[in-house]
Amino acid sequence: MSGSTFGKVFKIATWGESHGPGLGVVVEGCPAGLSLKESEIQKELDRRKTGQSKVTTTRKEGDEIRILSGVFQGKTTGTPIAMWVENHDVDSSKYELIKDLFRPGHADYTYQMKYGFRDYRGGGRSSARETVARVAAGAIAKKLLRRHKIQITGYTRQIGPLVAKKIDFKEIERNIIRCPDKAMSEKMIDHIMQARKKGDSVGGTVEIIAQGVPAGLGEPVFDKLDADLAKAVMSIPAVKGVEIGIGFQAAEMLGSQCNDAFTLKGKKVGTRTNHAGGILGGISNGEDIVVRLVVKPTSSINKGQDTVTAQGKKAKIRVEGRHDPCICPRAVPIAEAMVALTLIDHWMRNQGSRLGK
Amino acid sequence: MSGSTFGKVFKIATWGESHGPGLGVVVEGCPAGLSLKESEIQKELDRRKTGQSKVTTTRKEGDEIRILSGVFQGKTTGTPIAMWVENHDVDSSKYELIKDLFRPGHADYTYQMKYGFRDYRGGGRSSARETVARVAAGAIAKKLLRRHKIQITGYTRQIGPLVAKKIDFKEIERNIIRCPDKAMSEKMIDHIMQARKKGDSVGGTVEIIAQGVPAGLGEPVFDKLDADLAKAVMSIPAVKGVEIGIGFQAAEMLGSQCNDAFTLKGKKVGTRTNHAGGILGGISNGEDIVVRLVVKPTSSINKGQDTVTAQGKKAKIRVEGRHDPCICPRAVPIAEAMVALTLIDHWMRNQGSRLGK
Amino acid sequence: MSGSTFGKVFKIATWGESHGPGLGVVVEGCPAGLSLKESEIQKELDRRKTGQSKVTTTRKEGDEIRILSGVFQGKTTGTPIAMWVENHDVDSSKYELIKDLFRPGHADYTYQMKYGFRDYRGGGRSSARETVARVAAGAIAKKLLRRHKIQITGYTRQIGPLVAKKIDFKEIERNIIRCPDKAMSEKMIDHIMQARKKGDSVGGTVEIIAQGVPAGLGEPVFDKLDADLAKAVMSIPAVKGVEIGIGFQAAEMLGSQCNDAFTLKGKKVGTRTNHAGGILGGISNGEDIVVRLVVKPTSSINKGQDTVTAQGKKAKIRVEGRHDPCICPRAVPIAEAMVALTLIDHWMRNQGSRLGK
Amino acid sequence: MSGSTFGKVFKIATWGESHGPGLGVVVEGCPAGLSLKESEIQKELDRRKTGQSKVTTTRKEGDEIRILSGVFQGKTTGTPIAMWVENHDVDSSKYELIKDLFRPGHADYTYQMKYGFRDYRGGGRSSARETVARVAAGAIAKKLLRRHKIQITGYTRQIGPLVAKKIDFKEIERNIIRCPDKAMSEKMIDHIMQARKKGDSVGGTVEIIAQGVPAGLGEPVFDKLDADLAKAVMSIPAVKGVEIGIGFQAAEMLGSQCNDAFTLKGKKVGTRTNHAGGILGGISNGEDIVVRLVVKPTSSINKGQDTVTAQGKKAKIRVEGRHDPCICPRAVPIAEAMVALTLIDHWMRNQGSRLGK
């Protein structure tokens, strides 16, 4: 039972391979009556696309989105919205060389074991290129969320040992690493470029803040909001961990330090601190939702590595291709999309939670 | 759309409140022909139950499991297996005092906001007592996994600043904190008891290892094995973060350090290191699966805290009740159960992944 | 992947066997704040229960419902509602004799083939006794529907060759066959009693009318309202066919005869005839929903029949036990429950169909 | 919560409107390693397409299928298979005239009520044109079923009062009405042409036979094989009823007549008659599966009919456009597709039903 669908009420099904005809998504459950233009989707795709700066891969895909259904006279009709982008700059030649080699850190070996054979061109379905479909769907989710005054903001928080010291939302899209701390962003870019020169890659963390989420979203005991957010971001390629609010720091805290005291913010109940990251008992509490994820260094590196062949012999591999030296800046819009998809789904799931609602 | 079901093929639906008649689970999708006794389920419940040591709550529940359906002549019939435990030691009197107060760190406020009112006795459905149903279902999952030579082992890895330095599986169940490092376990217990004396609580981390998982489990691109594991453990009360393999350390690594080189282990392909925690591209690679979760300090503390009332007034609260000073030792069997439920579901989902399989 | 759950938003999971400890259901997705008493559920169960008249089986089950969770201070809490009835009058002795014989018309053979062995006591899970759980859940669905002014009414329309000629809702519960035509009900009862004397059984049809359903329920293109109703009633034991509105008569009609002309009913749009049975394009149109199902004659008959043994030898069988000579009167509340469960699920699913709704 | 997905393990999501850019489907859960060519899909689409004879609409769509993902080197990869056909012969001009009129028998009114507005061009998503996506997915289902020796055959059984008297499978595709009785097929065609001349349309029934289905498919108590088949075919536009095996005739039978006696067929257990239509207790018994559906006369007729406008005024309507005078011949491949999709899904769902299977 395959797993290319996400969400229960606002639901998406994605398809496509890195070097096939294209990639697409079918969005089901978007309410009728939402005005929607291709240009609004395109804007998000452009934030994710390749070749946008020196810290991303040089593959050049226009990633031009086309809406194929579900929109009539500029409005959503309530029926499935199909969208796709065609692949253009497909250079599969380099992949012929490695079709029998398992690239370390990649899914070559696991796809081979699961399916018996694999589309080895650019990683096929395992390529991060599949995330273009997530971002397209996420653009619709974001638009719906904005109608409910919910705003999603993502940024690079850490690159290697370098951690952002201040969080200035206006700065984020001004630098190519999408760091909210201008001074740190420059150091981060240097750090990446140095690794790239050596044929190496670097890791980092990305943080997503959702503001304006009303109290009440999340469906215990399994589909808790934090549980579904964790799944959403962990499903992004290269992510190896996720934290909500204080995250792993909670291990070293006392209850009296970790608990967020309740207080009144005007007439609304709020918390004085936000260690919980906006979620208590799996349900949003009205404070900012804070999700943090760690992105491993890009697996494709231009350095010799030990591996084995599909025929079971030892071998050396050096992955040339065109790769991002650091995934974080492009992971930002992808993670935003996954958080947005999770929130709009939960927003809709919450509608029937009590009578008269 | 409520969220008390988990899994897609091996699927569970849980129900019950802390101070209601009892708690239960319906397990759907367990294959026919598995021999199953209540005593096998009981064994796991006993590892989770209250009052088992000085580092757990003093509430005394026998947690005696009863199988109500799906088993005939000692074997599963392929139809739903219903199980439940009755609640006995229910003392709701203390909760009357706090029915209009929101306990910091608890779900009182969020349940109130979501549902308009709440069962305030012992937290109702938001109580960690609901996990008894997970552990019961997990016992069946574990038994099925063992038939496929898959073994799940969990332990407390860290308590406050104290981290286990050696991992000796045989040691785990010999100490009340379930730490695989005997020397460290004693320090951990001291640390907890000191916090308890002050009416406070402590956090920690739990690690789960799944050995013997074949390559091929996981359903990209959304139902990746790591994504579903993240959801599974994040849905456990008090968990604020989850890591797979190297986890957040990946932020500071280079690609050349982080990638696990492939090698031959006898005739099988394996990896030299296991930074990936047994999962590549969302699919198991045959190495040990490593999942780590952080458990926040128990929210119920015997200290005065600021809060507000349901009527919107400022107030002080001191939670007396009977509570675990540290959740980790009891979180171990719960996290094992969630990992087991995820793995058996994926094991079954993988069956149709290729022709002839 | 087992199939004991029904519904997507208002969702139920049932469990239990004819001769096990009992039967139950977990209802998920019922909104918080609905007042709910066991006696309201009981009322519906009493309409379904055995031994209620000479045209039903003599097995005597009190079918006393017990609510185990999800209700606090007389109101639903929004969390799963677990209910069960214990089995009391269990007489498995007769079944020992036929444990290796496949009863014609029953599921003995197919369960054996699917699961490799079976609970042969009273048919185990394949017994119509499982429908007690459906009726319990359906009672909640009906209560919710009534809040939306939707009323479900079921009756026996045909027994053997005898068809009700008038439809008087007030008459239905006054006769033991649940026929809305008093004169015909007496003939139907005679017809059944004569078959019973000969050890035989009779078939019939049941009709369910849902009044007050607003236009707009149903989710094309697969989860059309008629499609989900068809599934719902076809899943009831012994049902072999289902019609919506005009049903099979449509085969012999012209388009100009079959189409229902639109007209104005006060300010509302309505149709002059209702051949469509209240559903157009899979969506309710505001007219009465009309669902008709055929119930085969009870398979258990006290007559010699040819069969084979589990060991593959020819044999004769005569099913003694205690059985309904005609299923229709007890099928009425069961079919009502299934229609109610389908409608409330679609009512809730429709909530997000357009912005501002 | 929208409903354009079908199936649980072999799962499809369809999209597209009658007069939009095209229609498509994403097939998830098809095992890796199946050889698959566009020409195999095309063959089934050609059986469904418009303009194939004088008893079908004159709209001319090539319905050329294109596979966009999930196939590599001629074999399925185990990842989602996206396919689509572009719309070409789109003539929306006639629909401008009726954009404010509700066509009797159509979904214009109900879509308007559900979604607040609608794509009125050719019925938008409610058009039977959406079934092209079902047939494309069904072609893959059929291919998988043939590997398991399961064969699906459909035909027109009845047109108006004319019922096929013999069932000769070889005859079916030789006549334009797809009737297995050659002599009757000619009368049926005459009957349709006479109605067409008068601007009218006719109804009929379609029968689908699945041969070679092993005993054991079906998931009680809700996802019974007959329940899922009923849903599958009832979701086809214009279908108003469905029968399994003997169907509505069961109402007039005695148990002793209706029960199918078990017997030995070689070493296999079989039944002497097949009133059950191959399904007992919701599980296949190894006999032929027999599904019958009634198709109402085409709603679009070239005759004046009463209706109302979107503004709530009485009006007359005459639907000109290009329409099938009888839906049956084109309903045959659509119904086959739906039966095939249901069977392959259940085939895959049954895999985990017992240990060692």
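Chains: A, B, C and D, in written order; residue numbering restarts at 1 for each.
Here is the rule we use: a contact is a pair of C-beta atoms (placed from the backbone, for glycine too) under 8 Å apart; a residue touches a chain by one contact, two chains touch by 3 or more.
Note that the structure is a prediction, hence the values are computed from the model and not measured.
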Practice task
Sort out for me whether A-C or A-D is joined by the greater number of C-beta contact pairs.
Solution key: A-D
Handout entry: Chain whose mean Cα position lies farthest from chain A
Key = C
Fill in the blank from the handout: chain C and chain D have mean C-alpha positions lying a whole-number Å distance apart equal to 26
Practice task
Could you tell me the distance, in whole angstrom, between the mean C-alpha positions of chain A and chain D?
Solution key: 39
Handout entry: Interchain centroid distance [CA atoms averaged], chain A/chain C, Å
Key = 46
Practice task
Enumerate the residues of chain A that touch no fewer than two other chains.
Solution key: 1-2, 4-5, 8-9, 14, 29, 32-33, 78-79, 114-116, 125, 220, 348, 352-354
Practice task
Quick one: which bits of chain D touch chain A in the complex? Just the residue numbers, please.
Solution key: 1-2, 4-5, 8-9, 11, 13-17, 20-24, 26, 28-29, 32-33, 66, 68-70, 72, 75, 77-82, 84, 114-119, 121, 124-125, 348
Exercise for the section: Please name which positions on chain C make contact with chain A in the complex. Expected result: 1, 9, 29, 31-34, 78-79, 147, 220, 348, 351-357
Handout entry: Of chain B, residues touching chain A in the complex
Key = 1-6, 8-9, 14, 102, 104-107, 109-111, 113-116, 125-126, 130, 158-161, 195, 200-205, 215-224, 226-232, 234-235, 237, 240-248, 250-264, 267, 269, 271-272, 275-277, 279-286, 294-301, 303, 305-308, 312, 314, 349-350, 352-355
